[in-house]
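Before I ask anything, here is the structure I am working with.
So that you can tell them apart, the chains are marked A, B, C and D in the order they are listed, and the count of residues begins at 1 in each.
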Amino acid sequence: MTTMTSQRRLKLGMVGGGDGAFIGAVHRMAARLDDCYELVAGALSSQPERAAASAAAIGLDPARAYSDYREMARREAARADGIDAVAIVTPNYLHAPVASAFLEAGIHVICDKPLAISLAEGEALAALAHARNRVFALTHVYAGYPMVRHARAMVAAGDIGEVRLVQVEYAQDWLAEAANQGRDYQENNWHNDPLRAGPAGCLGDIGTHAYHLAGFVAGMLPSQVLAELHAFTPGRRVDDHVQVMLRYANGARGMLWSSQMATGCENALKLRVFGSKASLAFDQENPNALWVTPQGGCAERLTRGRVRGAAAQAATRIPSGHPEGFIEAFAHLYREAAAQIHAREAGAAPEAGALPTVDDGVDGLRFIDAVIESHRGDARWVSLAG
Amino acid sequence: MTTMTSQRRLKLGMVGGGDGAFIGAVHRMAARLDDCYELVAGALSSQPERAAASAAAIGLDPARAYSDYREMARREAARADGIDAVAIVTPNYLHAPVASAFLEAGIHVICDKPLAISLAEGEALAALAHARNRVFALTHVYAGYPMVRHARAMVAAGDIGEVRLVQVEYAQDWLAEAANQGRDYQENNWHNDPLRAGPAGCLGDIGTHAYHLAGFVAGMLPSQVLAELHAFTPGRRVDDHVQVMLRYANGARGMLWSSQMATGCENALKLRVFGSKASLAFDQENPNALWVTPQGGCAERLTRGRVRGAAAQAATRIPSGHPEGFIEAFAHLYREAAAQIHAREAGAAPEAGALPTVDDGVDGLRFIDAVIESHRGDARWVSLAG
Amino acid sequence: MTTMTSQRRLKLGMVGGGDGAFIGAVHRMAARLDDCYELVAGALSSQPERAAASAAAIGLDPARAYSDYREMARREAARADGIDAVAIVTPNYLHAPVASAFLEAGIHVICDKPLAISLAEGEALAALAHARNRVFALTHVYAGYPMVRHARAMVAAGDIGEVRLVQVEYAQDWLAEAANQGRDYQENNWHNDPLRAGPAGCLGDIGTHAYHLAGFVAGMLPSQVLAELHAFTPGRRVDDHVQVMLRYANGARGMLWSSQMATGCENALKLRVFGSKASLAFDQENPNALWVTPQGGCAERLTRGRVRGAAAQAATRIPSGHPEGFIEAFAHLYREAAAQIHAREAGAAPEAGALPTVDDGVDGLRFIDAVIESHRGDARWVSLAG
Amino acid sequence: MTTMTSQRRLKLGMVGGGDGAFIGAVHRMAARLDDCYELVAGALSSQPERAAASAAAIGLDPARAYSDYREMARREAARADGIDAVAIVTPNYLHAPVASAFLEAGIHVICDKPLAISLAEGEALAALAHARNRVFALTHVYAGYPMVRHARAMVAAGDIGEVRLVQVEYAQDWLAEAANQGRDYQENNWHNDPLRAGPAGCLGDIGTHAYHLAGFVAGMLPSQVLAELHAFTPGRRVDDHVQVMLRYANGARGMLWSSQMATGCENALKLRVFGSKASLAFDQENPNALWVTPQGGCAERLTRGRVRGAAAQAATRIPSGHPEGFIEAFAHLYREAAAQIHAREAGAAPEAGALPTVDDGVDGLRFIDAVIESHRGDARWVSLAG
């Protein structure tokens, strides 16, 4: 669980993530959640107007709202109160050049995946990061789940024996939506443009998540792959479906399947690792559980709040049985309270919404009173006075 | 999904929630998540030293770190930049006096449940809140879940017909832990002290959550209750187990069960509402789903990302298939990146941790290259150069 | 698993279960499954024509097809090759008189539940069965599930500690179907006639199953009940909804809920027993699993094929991982083969149905060949010659 | 549901299935369940003594208990009351010669899978079966499940659109048990002997089940395969692990995985078929459900008792909500009653077992009485007189 710490908040900048960008907003929420960062600068868009408007919308100092990331790197590096780190949430092809510019300026990098759009570009970037001795975090988000951490720790501790088989899959169906199958999408969306997204479509977008997760938990990468890429979508310039067989140096086998044309799948990232003693199963859509089954035995459903392992504990904020959405649910009430406060301040009449209020509290107390009265009468019916 | 907004951040104070307090930390994370609040003042403890240390740990201005909530209300109300709202996360018996002090000072209130420790106290507080026309949010957190909102909207829209039966339960087992069954816990923990927790134990602590959730979704409160309270724990001064039968004005029936002695239960809050056309089922431990089954038909598993209803959408931050823990997982990577940056800044050698880095990115690109090469060879084995 | 035995098949008679009767057909399948009985006589209906036709349909000797159960008891008792046992599958009000007639004739009884339509009648019947020293099996079918047996054995062995709480429910929705809500059904169906079904509706029909199951597993019956019956159905003369609170002599508490108006429920019989060490959960719709969760721990999903307990093993016919429907699926193929054989014998042309045939076998062998050829080519694409 | 029929019972013989053989006992139970067959002859073993003892154990006429299947075919064909059909449950290498002998004798065949141990042998057998116009049922048992039938019917009706992707897997872990990893097992068990089991190990044993199921539901077989076989087990002469990529003539893709070394898996046969409109998922360990998810939509859990399709209905014996194990549970009570009857007949004292009896019936009636009394007292506590 979170404990209080007096470490200073780091100053954070962001490149990409202007209005309407999903992943930028997620990065900002993540940066705020544990209060370790303060967002103070951004090149939220390369279009000056959109950059300025987006910066204003999130309360950035206009003097630190840039549209050119190179200028941002240069000027932030020069300021006494310049950013400590930059979060990069641009289209894929910009990851490497933007990261390089900030590394050159001595600034730590938190970068969305994939790292780059070619291996050569990625290797050069890695060399630069190491040379400059800067932190370079790549947001393979699934590595942040408590039960993924626990699974990794179990494999590392030998709890499942020697790894024999890895089965990983990541299936979505959004690309099969009619709107995304049309010519317009295929011609204009950057995800389908090899120059901006790289030569890998589904493979780069989600296949690499599956690949990272498998390696993260299994503690090893394959030594050989055999693969077939496919595009079901007419006019598609990159793959939308990937099937891979895996061989590992220790003799283990594996399969990886990833698709964005898998009808009915939302975000079905699933990993199974079979060892000589036990197997593990993790499903990202139910991330608070990890299934462990010993050879010849029955499955145990480990949960985030109940496992005692340090790895899972370190990634946990809330107690046993509370799924992590608990914080978001709390946040939603706070957001609604803020909206009502703003409305009141603006002179609007109190509105009856879904936000629980003092009156709900009174109803609850009325229930408590009636329950106690009924109980004292050896369980008899008691009316709830309205 | 979150859209950018330029509304000013509200200034927030907090009473309670000093170092070690679980729910205070959750409230602070929730307040930060959507960037609607800035925490600027607090009476985090009534013990001056602990209050000051706790305030320092979270970076509050020492001038606004109080130990007396009355003083805090008075002085904050007097400041030009005083708090707009206060979050109250104290033991139950302080909810009403603290809330009253801030309402009297014209400050909006966000208060943990239960509202008060007696009905009379609660009714007085409600009257005050209404008289002062201040927002009073009571954090019945389960009302913040997207699928709870959707369930409520479905009932309100008549989608399940007339409500015929409500089954709600909230079961935990933490009180049955040996440490909590001992004499020390029973004598000293404020939850077991009727003077500080109120006369209701499990009933007030979690039974009221179940009661609120049932009413929130069903759109109606019972007109009669019949109840039995029980304490399995020796020396327990309040209940640890509650069974209630419910009757509603429209003829519906219901049952409520709540226990903190339910062996093996983490935080098992479950609601089922049966209408004349369909039934709904929600399980807080799997909050991204809502099960709907029509009379005589098959169950459909509605998910947060797939339902189109406005109520669920408004409470949603991230896309289909991503459980809300997604943000926490992201935040965990940010937190680890911050830790590594602090370490680097302090001259520590780069540490190999679980945080995905630029090298993981290179591995991913190597995988992409090998997959494409294999595919171009009509699916043949390709080695991954190390 | 079933082992071969040379014990003679018992001769079985049946009262009730004429054409169209669901439970009679189930009893006959059950009697055949393990080859312990041979059905040789029956009073399948009290209407002579229907009795004769039903007996002919299942191949009974016409001389042993009765319409009067008294006559059947008398004549079967007099035959050298008379029945050893009778299966009683009539409406409830006939259970006791029919059973009495056969007990008086010295014949063992297998009787559907409930035993009788009044306590006095049931007590008299029990006294008679004991006096005559005949086996009297009451088909509370849920007592026959392997995992129910295992649960019972675990409780008896002290594996869950002292039982603290019993939660049992049995919910269906068939009565809420429009056809069953009409006046015709309410006036004419024997289930709604207190004279034929007894004074208990849902309570007697399925509530007693829930009650038996709870006692069977928990190893104790309650000492006190507090109950509310309800009829949601207009014109209903017996209950269709039951809520009961339970108190046990050892201080345990419990709740029982049963309803035939629970929208969306098929046959939702669920039992949870909470002990001081662990809890158990069984769901009849997923009968191959038993969930066990220790205090403060994680749930384990015990399965029929994996638990080593003698009680479950004795009730098991097939191996680990094969749900018991496996036999039915096999039987379905046998049934289809029989239909095709009859058709062939009758000179009908071979029909292409769903029954797998020799040609499917060839397809399978073709697949094996192609797989081996591909593998020998270091995993290369191989065509399946049609 | 089963309806009564007066069609004559077919006379059935069996080859293989002597004492201790699992699959033979399953075939016999399946043949009995629907009362379509009468087992009258058998060559249950090729060892004369074991054949005779096994035949006696199941009550066969000694004159029709053979040890040579050729003699059995010849003599049964010559009898006026000879068998209509033979069930073949021998080791794989005997399937084809035994089946041929009976086909030559004009007898219908019900044969366990795989059809034969080589493609050439299987093709010859198919030619013979067609030439002789005999029914040849191959017991791919999974084709007998109601929800598999329903899935197949949905695909055939176009309900899921064009099939785009097939994912099928069949994983077990029994071979990884220590006892099965030893040299003795590898050298002596016929499953590991290519001469008796054929060249395919796991591939032939369960891989072909997966292959058949996929084709049965998808309505098409692949046109190309790419495969890797593997043996994790030291000394293993056939594969114990299979990975296959599939290509279909219509452009669909697929993957098949089968393993008997998949730690923790009991009998995990799972099929997913993704079409352009919807996807289907079936899991043999939960055979009463079929999951259907439309493109972009939410999953619906179709159940055996609730789908109205003719295909599922035809394969269904019992009502909505009762898993098929219901019959086995009933049968278990019948078996226990038989055991008690035999004991009584032998003069043994009545034993207190788990079989519900008349006394349980009295307890149930006592409960009903108490519930009604409590209800009449407006829900008050009523003691259960012991």
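Assume a residue touches a chain if its C-beta (ideal position, glycine included) is under 8 Å from a C-beta of that chain, and two chains touch if they have at least 3 such contacts.
Model, not experiment: these values are computed from the prediction.
Asks: Please identify which chain has its centre, taken as the mean of its CA atoms, farthest from the centre of chain C.
Replies: A
Asks: Quick check: more C-beta contact pairs in C-D or B-D?
Replies: Between the two chain pairs, C-D has more contacting C-beta pairs.
Asks: Cα centroid separation between chain B and chain C, in whole Å?
Replies: The mean C-alpha positions of chain B and chain C differ by 44 Å.
Asks: Give, as an integer number of Å, the spacing between the C-alpha centres of chain D and chain C.
Replies: 20
Asks: In whole angstrom, how far does the Cα centroid of chain B sit from the Cα centroid of chain D?
Replies: Centre-to-centre distance between chain B and chain D: 48 Å.
Asks: Which chain B residues reach two or more other chains?
Replies: 174, 226, 228, 245, 265, 296-297, 299, 303, 306, 379-381
Asks: Please give the residue numbers of chain B that touch chain C in the complex, ascending.
Replies: The touching residues are 160-161, 164-165, 167, 173-174, 176-177, 226, 228, 230, 232, 241, 243, 245, 251, 253, 255, 257, 259, 261-265, 274-279, 292-297, 299, 378-381.
Asks: Please name which positions on chain A make contact with chain C in the complex.
Replies: Touch list, chain A to chain C: 226, 245, 296-303, 306-307, 379.
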